[in-house]
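Next come two complexes, and both contain chain A; in the first it sits with chain B, in the second with chain C.
Showing the complex of A and B:
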C-alpha cells in the first residue's frame, strides 16, 4: 500500500479504516533519509562547539586546499586559508538555521494572527491581508532584501527580519483559507451555541484544525528561506565573512574551482541535501493530511 | 458561448485594477527607502568626507531632505512624463538604463522558459502516459533532486563542467545579439541552462500531474475505447485541456526567474537587471533601485494579464470578439 501512495495518481484506492485519527504513513527510503539528515544537521549545528576533536571554524587548521581525507576535520578538505570545511559547514548550519528559524517564527506568528482574523471577520482586514500577500508575491524576495540593504547597509538582522516579514503573506493566506473552510462546519456552530467567545473559537476550535496544513507548509517554505539566505551570502550581502556561511563558502571556492574542484563538494552536498530533506518532509506531512481528509 | 471569453477578459481587467494598489504600495515604499538610512540620507550616500555643498546639491536634486510623500508625488509626476530621474553616479537617465538592462534579463528569462518547457512538456507526457511506471518513478526522483538545487549551486556546477572541464562555453561576458547573434548565444547558454535546471523540474511536476488528471477524464476513456493510440490521445486530446494550469505556473515562474537573474548575472557578468541592482546596492543608488522595484511590479501585473488572455486563446469555448 505504501508503494502505491508514493504516486498521487493511483490515489483512487480506499485506505483501510485507521483506528487512530492521525496515523503516520509509512516512511519511504527518501523520507527516512530526510528525517535522519535533518536530525543530524540540527544536532551538529547545536553542538558544533562541543564535538570532540572538531576545530574552530576560523582556525587555520592545516595546509590550504587539502583534498578530503578520513578524519573529522579533513572530512571535506580544507579551504583556501587552510580552515576545516567540515567545521565551517556545521557552524554555517548554526547561522543559517538560526536566521531561518527566527524568520519562520516571525512569519508564522504574524501570518497566523492576521490570516485567522482575516478569515473570521473578513471585511477590511481581509482586503489588507490580500493586498499584502499580492504585493509580496509580485516581488522576488532577493530584490526586496537587496533594496532594504541599499538603505541600511549589509546587516544580518535586517536580512532576518525581512525574510520573516516577506513570508507573512504566505502563511496569512493559507491560514485565511483554512479558517474560511472551517467556518461553516457544525462543530463551530456547536461551540457558538454553547456560548464560546470568538477568541475561544479561533484558538481552541479552529487553530488545532489548521495545524496539520501549516506543519506541511513550514518545511518547504524554510527550504525557500535557506535558498534566499544562501543566495544573499553567495552574493556577499548575507552573513559577512569570516563568519562561515554555506553561500559564502560556495562563493569562496569558485575562485579555486579550476584547481581544487573537490573543495566545493561539501557545502554543495550539504545545502542540496538540506533543501531536499525539507521538501521531502513537507511532502510526507501533506501526504498525511490527504490521508486524513479521505478518512473523514 | 460568448460568456467564457468575456469572463477571461473581465478577469484580466480585474487583475489590472488589483495591480494598481500593489504598484502604489511598492513604489511608495521604494521612495521611502531613503528614510531608513541611518542619519541623513545624503550623508550616507556621499560618505564620510562629503562637504556641506555636496550634500546640499544632492538634496536639491533628489530631495532627500523632504518628506517621502512629496518625493513620491514628484516621482509620480516624472513617471507620467516618462522621466525617472538620473542615476546617482554615472548620471545616466534611469529610464534609458532600465530599458537596455531589462532587454538582457528578458532574453535570458524567456529563453530559460522556452528551454524548460521544451524539456518538461514532452517528458511529462511520456511520464503521465504510464503513471507509476519505471520512466515515471525515475523522472519523479530526478525532479525532486533537481528542485533541491539552488541557482547559486547550478551556476557553479554548470560553469565548472562546461567552461572549465569541457571548455565549450565562455565562463563570463556578454555580447549584444544585435552585434554578434552567434556570440550572444554562446554567452547566453550558461545563464539560460543554470536557470533551466530548477525551472524544467518545476514545469515537469506541474505538467505531469495535470496530464495525469486529464487522462482520467471521460473523453479520454472514449478516445481509448475508439482504439486510438496513446500518443495520438496525448497530443490531440489531452494536451490542450492541460495547458491552462501550465500557463498559470509560467506566470508565477516570472518572479523566480527575476530572482534567479541576480545570481546568474552576477556570476557570469551579464549586464542585466540583477547585475544593475547589485551595483546600485553597492553605491546606495536609490533612483535605480526604486525604478527596478517599480518595473518588477509592472512586469508581474502584465504577465498575469497575459496569462488571463492566454486562457482565452487556449480555451476553445471562447469566440473572438
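Showing the complex of A and C:
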C-alpha cells in the first residue's frame, strides 16, 4: 500500500524513550514473607500426600498430646488421638483452600456478570442487583449458613455454594461501580465508534480496567471466607471429623486446653498467618493500583 | 452496497435534529442540519463551544448519548443508517468511518496495549487473522509517524506523549481503511507545534488515501488550507456552508464574518486588541424564534428576531447561508486580507 509510508515526526515530539513494563512496587519484608508463606501453604496443600516422611492425617503415629518437637510429623506436636498436627494442618489447608477458592470463583463470576450488566445497562437490572446486594449484605453469613446446614444436613458442597452465594453482592457492587466510572470515558466511545458490540466493550475494554481493583480486593475477601469456614468447622458444621480441618482441630484442642495448651498453637498460628498474609498481599496489590494511577 | 458509489455522495445528512432532556426542558442541541459530503473531500465544521459541532458528528456516528432524541436521516453512500438494525449500523459505521476524539489522554484504553487497540477493528471488521492484523497495525503506526513502530506495538498508552497518543488514535481510526475520517477537535488538547504536525498528518493521509475527512474545530485557522469546504454552525444550526476559499474571501453570514474578524492576524501590529463578538451564545433550552445570532448581530433587523431565515443557495449551488441581511458577495470579501493561512493554528 502506497499510503503506508513513514511520516516524519517533528522535533516537538519525542519518540518513546524505552518501552518499559508496568512496574511492580518493591516488596516490603512483610509482603515478601506473606507471598512466600502463601506459596508454601498452597504447595503443602497440593503435595500433602507426597511429602516424604509425613504420615497420613488420620494415622495415630505416636503418643497422644505430645508437645512440638523437631521432626516433620511432630512439628506442631500430636493431638488427643496421637495424630500428627502438622500433617492435619496441611490436609486441612487442602480442604479450606479448595472451599474458599471455589466459593471465591462462584462469587467472582456471578458478581462480575451481574455488576457489569448493572453498571452498563443501568435501569431495572441495576435496581435488582442493588436490592440483591443490599439484602445479602444485611445477612450475617455464619447464621445463614448454620441455618441452611441445619436444615439440609452438614455438607461441604452446600457450605461452599452458600459461601460463594453470599459474596456475590460484594463483587457485583465493585464491578458495577467500576463500569459506571468508565462508561463515559472516551475510549469506550471510541470503541463504540469502531463498531464494537456491547459484549466486546464489556469484556475487552472495561474488564481489563477492573482487574487491578479486583486483584486487590480478592485476597482480603478470601481471608474473610477462611475465617467463616473455620468458624463453621469449629462449630462442627463444616468439614466433618475425622477429616482434618483447621476449625475442627481448634475445637478438638479446646477440650484439652487446660492440660495441653500447646495443641491449639498449630492450627491457630496457621489461620492467623494465612489471614495476615492474604491481607498483606491485598494491600500490596492496592498499592500497585495507586502507583499505576499516578503513572497514567 | 449495490448502488455504485459515484451516484451518491459519501455522506448525506438530511434535516438532522437532536434534543437532549435537561433540567430546564429539552435542549435542542441540533436543529435541522443538512449537508452532503462528496467522496475524497475534506470538510471543516467550525463554531464556538456549544454550537453543536461535536454532537453533530457523534449523532452521525451513532454514539450520541442514548437519552438524546434524534430525528432526520444520515445516509452513507445512499444507505439510510437509521433503517439498519443496530448491529449492522454499528458495523457499517465502524468499518467505513473512522473517528478521532478530542483528548488523546483519555481516548485510549489505559490497560490495553496500543497494538491491540490499533488492530482491534481490522480483526473484527476485515476478518484479518492475528498475524495479518499485527502487520497491518505496525504498518499503520509507521504511517502515522510513530518511530520504532514494532516496539511501540507492545507499549501501553501512558508511555506515550499526547501527540504520540493522538497519532495512535489516528492509526486506530484508519485500521479498516475507512472512506471517511472524522476528527472531533482532534488537536485541541495538544500544544501548538504538535497541533500542526497532527493536522499536517491528517491532511496528508486524507489526500493519499483519497478518503473524505471531517475536521471539527473551533479554530478557523485549522480548516484554512486543509479543507475543501467549511460548515459554520451556530446555536445548533448550520448557518453557512461554502467552499473554504470562498468562505474566507467572502462570507455571507454575519456570524461567519464576525468569527473571521475575531481571528488574530499576523499582519496586525503587536498588541492589537482582538475583535470579539459581544453577547453570549444562545440558550439551547429556550430557543427564541428567529435567527439564533440575532441578539448579538450588529445588523439584525426585526425580521431576524421574528423568523429563522431560510437557507439561501448561491447561483452555482456551492454556497449556502441562512441570513436575512447577508453581506454582499465580493464587497466585504477582501481576498488579499482573508487569504487562508494554514500555519495559523
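Quick note on the criterion: the second predicted complex is superposed on the first by the 275 of 296 C-alpha atoms of A that agree within 3 Å, B and C clash if a C-alpha of one lies under 4 Å from a C-alpha of the other, contacts with A are read in each partner's own complex, and residues count from 1 in each chain.
Here is the rule we use: a residue touches a chain if its C-beta (ideal position, glycine included) is under 8 Å from a C-beta of that chain, and two chains touch if they have at least 3 such contacts.
Here the structure is a predicted model, which means the values were calculated and not measured.
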Please indicate which partner A:49 is in contact with in the superposed arrangement: first for chain B, second for chain C, both, or neither.
neither
Is A:140 in contact with chain B, with chain C, with both, or with neither (first, second, both, neither)?
first
Once the two complexes are aligned on chain A, which partner has more residues of chain A within touching range, chain B or chain C?
B
Between chain B (first) and chain C (second), which, if any, makes contact with A:211: first, second, both or neither?
second
According to the stated criteria, A:187 is in contact with first (chain B), second (chain C), both, or neither; which is it?
second
Have a look at where A:195 lands relative to chain B and chain C in the superposition and call it first, second, both or neither.
second
Identify the partner contact of A:152: answer first if only chain B is touched, second if only chain C is, both if each is, neither if none is.
first
Interface residues of chain A shared by chain B and chain C, listed 4, 6-10
Interfacial residue positions of chain A with respect to chain B in the complex
4, 6-10, 30, 131, 134-135, 137-144, 146-153, 223, 227, 230-231, 234-235, 237, 247, 250-251, 254, 257-258, 261, 264, 268, 271-273, 275-276, 279-280
Complex contacts: residues of chain C adjacent to chain A:
61, 63, 87, 90-95, 97-99, 101-103, 106-112, 120-121, 124-125, 139-140, 142-148, 151-152, 154-161, 163-164, 169, 172-173, 175, 191, 193-194, 196-197, 201, 204-205, 208-209
Taking the complex as given, what residues does chain A use to touch chain C?
1-10, 12-16, 19-20, 22, 185-187, 189-197, 200, 204-205, 208-209, 211-212, 295-296
Report the residues of chain B in contact with chain A in the complex, numbered from low to high.
18, 21-22, 25-26, 30, 33-34, 36-38, 128, 131-132, 136-137, 140-141, 144-145, 147-153, 156-157, 159-160, 164, 209, 212, 255-256, 258-259, 262-263, 266-267, 277-278, 280-281, 284-286, 289, 292-293, 296-297, 300-301
